[in-house]
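Two complexes, one shared chain (chain A), two partners (chain B, chain C).
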Partner chain A sequence: MAELDYKVVVGLEIHVHLCTKTKMFCGCALSFGEEANSRVCPVCLGMPGVLPVMNKQALEYAIMVAMALNCEIAEFTKWDRKSYYYPDLPKNYQISQYDLPLSANGFIEIPLEGGKTKRIGIIRAHLEEDAGKNVHSEANFSQVDLNRAGTPLLEIVTCPDMNSASEVRALAVELQRIVRYLGVSEGDMQKGHMRFEPNINLIITKNGAEYKTPIAEVKNLNSFRALERSVEYEVQRQLDEFAETGKTIETGNKTTRGWVDEREVTVLQRKKEEAPDYRYFPEPDLVPVKLTKEWLAEIRGHLCELPINKQIRYVTEYKLSDYDAGVLTAERFTAEFFEQSVAAGGEPKRVCNLLTQTGLKIAKERGCGVCDLGIKAESLSELSKIVESGTVSSSAAVSIFEAMVETGKEPDILAEELNLIQKSDAGELELIVEHVLADNAKAVKDVKIGGKKSKKAHGFLLGQVMQKTRGQANPKVVSEILDKKLG
Partner chain B sequence: MMAKRIDEAQVRKVAKLSRLALTEAEVEEFTEQLSAILDYAEKMNELDTENVEPLAHCLPINNVFRDDCIKESLGTEKTLANAPQRDGEFFKVPKILDGSGG
Partner chain C sequence: MQDELLNMDCRQLRDGIASGRVKSVAATEAVFKAIEKYEGAIGAYISTFKKQAISKAEEIDKKIASGETVGELAGVPVAVKDIMCTSFGTTTCASKILESFHAPYNATAVEKLAAADAVIVGKTNMDEFAMGSSTENSGLKQTVNPWDKSRVPGGSSGGSAAAVAGRLCYAALGSDTGGSIRQPASFCGVVGLKPTYGRVSRFGLVAFGSSLDQIGPLTRTVGDCALLLNVIAGHDPADSTSIDEKTAPVCDCLGKLDEPIEGLKIAVVPEFNAGAESGVQKVIAKAIDVYKRLGAEVIEVDMPHLDYAIAAYYVIATAEASSNLARYDGVHYGHRTEEPADYIEVYSKSRAEGFGKEVKRRIMLGTYALSSGYYDAYYLKALKVRNLIRGDFAKVFERCDCIMMPVAPTTAFKIGEKIDDPLAMYLSDVYTIAANLAGIPAISVPCGFDEKKLPIGLQILAPAFGEEKLLRTARIYERETDWHKEKPRISN
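== the complex of A and B ==
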């Protein structure tokens, strides 16, 4: 085969459900798992003569996300009708935003391997309403459930700035982290709170000439895994297709493809010979929105430190690894709990270890967050301090942590109750060390000879002392005494 | 007679987008009618709009909101009461073959 090099180009369209109490234009409660068609009213059913009214909370949530994505917020924004016919769309149009979206021209920083970040452009973010759900039965008809119709939906369109499947995944995960931090969406994939549609093509360089493959859009992906795998699949498929047909963006059509989860392949849905004609026009039933400086300032006041900024700060300020910083900042309340513990005097790395190695494990077993374990940040800080001072060992800290969750008692009390306080009293330990040395003449000799054997023998003697004290001796103090006696 | 502002091909396209089956006679009739309507609207272009701001809505008001408070929904039985066909708690519709939704 001729020399061939290629670059992957991906842009992403993301739909996010906002976690308001009610729908975008009517007072129906948002639903998940209720009886079909129970959460609908004349407005979201598209009955004639009804009037939609905007949910102010949904608009404010959408603006918060747009601000977090560094977008320019429009001073004036309006609604448009997007017309198409589908059984899950009762009005035969979707209320959306066309020429005056509420925000545009932003960017998102996504974390990459090794603590690096990459900036991905955001073309626009606008608000719209979701459609209902078609249930495709085995029989020769379909079922329609309109409970979801009218759910506030934020559509975010990125620039084609991603160049690998892992970058696409990183963006999706980062966006989930942002909307959860802001508290504007649960971002629960299983409940369909986030849906992804990547636009993928390749720039192929062959014998010094450059070719672009036709763009494929993969519809409606609802897991990070499907998103990442579908991009990987498309890259290979487009390479194969180019080798076979030589089709380029100029000679081939843009296609829409679906993802088949069981087989992990994309399949052709339709060729876009002409762009779909949605006949957008201004929504006459809804008046426009004017956003004043004062209002925007108030909304901005609800933002918080963004997760990626926290993650970077944890590395620079607390000297944590990028991995640890990522684990701690995955969820806002874990991050805040960590910060409170550090503010209460805990040494960051030690608090981090207690949280990531023990706290998150217990929380996972109990199916809750670390901040729901009933432990105060001050108590965690205390625990880190008694490990730091050598009062208890780090393995004892795990037992104390578990007991804190069980009993709600303070770490110092538990350390005593559970007999986990390390013996650091040099006088007492010295006696034990002397006994051990007297009983192990061979090891003592080995230590004194020096070399490889010496280290091993030293470890053996330390182990003997620990055994004699049933693990309660402070190994650091014992080691010092050993060095003194043998040195 | 003025030049037609819309031709039969466009009428057929709009009808197709609107899922309307028109007879040949109707295509001809609506081509005339729609052209006449567009001619009438064209009169607007005689006005000088040089210094007029684009209008997004005919009402001179903005920012009509409601609070995020739950109101009672209809419930499944009432919702389906007027449905031409139902299947359990679902609306029953002809089988959907391709994902031509937006």
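== the complex of A and C ==
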């Protein structure tokens, strides 16, 4: 085979459900798996004679996301009808935005390995109403559930700036983190709150010539893993197809492919011979929206520090590792809890360890967030301080943390109650050390010889002291005494 | 007694009922007697609600007897065009596809009639989905003109106009997308008002051309028209295109109705009017002379873009209609074909069977106009023409209070005369369409007859939200003449 090199090119079309109180154009509450067709009214059923009324909260949520994605926000935006016939679409047109979307030309910074970031362009973000769901039965009929019809849906289209499956995943995770930080979506892929449809192709260099493979759009992706795996699969499939057929973007059609989760493959759904004609035209039942400076300023006031910025700041400001910073900033409330504890005087690294190694573990066991454990940020800060000062050991801190969750008591009180305060009295510890040295002549000899054995023997002696004090000796102080005695 | 009761206008009847001199039940029963006698000949109604109407009338009479306060239209029997949703009966839009559609809610305008204690007697016939100018496109029945049963009542609100003219109700609501209230009002010799776009809520009005549709009253007098407008006008949070009270407060159109207008300036468009039949032209000129005699100044103006109104209208209205009517597909709403071969046929056959010829024609036209590659040449261009027409009106209203012209180029034509010539039919809207494109209010007032004794309407157009002055202007004429007192002699 000839010399072959390739580059992966991926752009994403993303749909995000906004968690508003009511639907996009009517007063129905959003549906979370209720009985079919129980969250509907004449408006979202598209009955003859009904008219839509815009949900202001949905528009504001959409603008918040657009702002977080660094988009230009339109001063004037309007609604359009997108026409197509489908059973799950009550009016046979969808109210969407066509030529004047609420925002365009933004970017998102996504975290990569090793604390680096990459900027991915955002082409546009606009608001529309979701359709219902067709429910197919084994028998010769299908049913339609319109509970979802009219749910506010934010469509985000990225530039084809991603060049690997892991970048695609990173963008998806980052976007989830953003919408959750903003509190505008639950962002749960399994529940369909976020849908990602990657458009994938390859730029292949073969014998010095460049070929682009036909674009495949992949649907039915219900998890980050499926998203990532589907891109990996497509890369290999398109390489194979190119080797076999030589088809390029000029000679092959764009295709829509569906991801089959059980088999981890994509299968052909349809070839796009020509672009469907959606016959867009301005929605006459809604008035255009003017976004005044004052209104936009008010909306901007609802934004918060973006997770990626926090993550970077934790590394530079608190000297945390990128990994730790990532864990702390995964959820907004964890990050805020961390920051409050640090603000109360906790040493950042110490607070981070307590939170990531103990706090998140307990929270996970209880199926809640760290901030729901009933612990005040000041108390966590206090706990970090008594570890830092050597009053308790870091292993004792775990027990104290657990007890704090159980009892709600303050860490210093628990340290005493649980008898976990470390012995740091040099005089008392010296006596114990002397006993241990007397009982372990061989180890003492080994230490004095030096070399590899010496280190091991030193550790052994330290362990003996710790055992004798039932773990309450301050290892730092013990070590110092040992050094002095064996010096 | 029967005739005396039926010849009252809404205000006389309402005042009679309120004072206890007349019973609403008596008026309602008189209406149903007239319906029993003449409906077979006229065919104005698609459905009537005798039991419900009489029980509502009884309730009003009781309320009045016990001294309770009642609404503006207490006890007055009125009809509603069958394109407005009612939570009772069917809402068919005179289409086979919706023949059995029961709406679960009331249109805002219907709700307001009910809140004003009106007695709703029935729902009137119309061109299918309001598409037509003769009511011949009804998929359900034929309505004739009470003045000449061989002729059309006009359309699309032909049933409402015929019912009001034929004394089968005291007043009716219609809808006007391109003249559908004014033209049948003119053909049937009644008053018909198309309010400013946004003045009356469209919620519950089954959409034809959403940016053009407006609900309005058909009545026997200008005063009744003012009364009904007072009842149905106003902002509706359920209709984003209804104007909020801050921008254009609803004013009482009845209170100052008889106040004179000093220095009234009337615009006429001589070149444009020349297209009307000579009989119509003469009668309109005479009507304008009445205003002159009373001291109004008549100014000849040029409105260069009116010639393009019909073309622009039939692109915009059909484009919107093609989308508005997409939901009648046998899957979501309307008639479903019996044995479809596949899923696509559920759509195509249901629609082929359910829609009439004219509706199909307009869906095709509108779909074409919105299709990729044609959008700019048709839809976008039509929107530009629409803006130019708005500009023409704005310029005239800078120096004139109103514009006067015929409602239609002819009087009522023979049934069947134009039904196979859609273009000729479309041209009968030539004078009414511009008001819809510009969103301004316009009224048709009876102003005489042609040599065949067929009624002619004078159309008066006013600036947006100028209904109060428009009605006063119309009332000036009505006070000076007796045309509105003429009534058809209906034979069986």
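Going forward, the second predicted complex is superposed on the first by the 486 of 487 C-alpha atoms of A that agree within 3 Å, B and C clash if a C-alpha of one lies under 4 Å from a C-alpha of the other, contacts with A are read in each partner's own complex, and residues count from 1 in each chain.
Throughout what follows, a contact is a pair of C-beta atoms (placed from the backbone, for glycine too) under 8 Å apart; a residue touches a chain by one contact, two chains touch by 3 or more.
Quick caveat, the model's predicted, so the values are computed rather than measured.
J.: So, does A:36 touch the first partner chain B, the second partner chain C, both, or neither?
T.: Touch status of A:36: first partner only.
J.: Output check: A:134 vs chain B and chain C. Expected answer is one of first, second, both, neither. What do you get?
T.: first
J.: Report for A:289: first if it touches chain B alone, second if chain C alone, otherwise both or neither.
T.: So A:289 only meets chain B here.
J.: Contacts for A:49 in the overlay, against chain B (first) and chain C (second): which applies, first, second, both or neither?
T.: second
J.: Just to be sure I read the superposition right, which of the two partners does A:123 touch: chain B = first, chain C = second, or both, or neither?
T.: neither
J.: Would you sort A:87 into first (chain B), second (chain C), both or neither based on which partner it touches?
T.: both
J.: Per the contact definition in the header, classify A:279: touching chain B only (first), chain C only (second), both, or neither.
T.: Touch status of A:279: both partners.
J.: On the A-aligned overlay, A:330 touches which partner chain: chain B = first, chain C = second, or both, or neither?
T.: Neither partner.
J.: Residues of chain A that sit at the chain B interface in one complex and at the chain C interface in the other, please.
T.: Touching chain B in the first complex and chain C in the second, residues 42, 53-54, 83, 85, 87, 277, 279, 284, 286-287 of chain A appear in both lists.
J.: Please give the residue numbers of chain B that touch chain A in the complex, ascending.
T.: 13, 17, 19, 56-59, 61-76, 79-80, 85, 87-96, 98-102
J.: With touch defined as at the start, can you tell me which chain A residues reach chain C in the complex?
T.: Residues 42, 46-54, 81, 83, 85, 87, 90-93, 275, 277, 279-281, 284-287.
J.: Could you please specify the touching residues of chain C with respect to chain A in the complex?
T.: So the residues of chain C in touch with chain A come to 84-85, 91, 93, 98, 101, 103-105, 107, 202-207, 209-211, 237-241, 319-320, 322-323, 326-329, 331-333, 347, 367, 370-372, 375, 379.
J.: Touching residues of chain A toward chain B in the complex: what are they?
T.: 20-22, 26-29, 35-42, 45, 53-59, 76, 78, 82-89, 94, 100, 131, 134-137, 139-146, 219-220, 256, 258, 269-270, 276-279, 282, 284, 286-290
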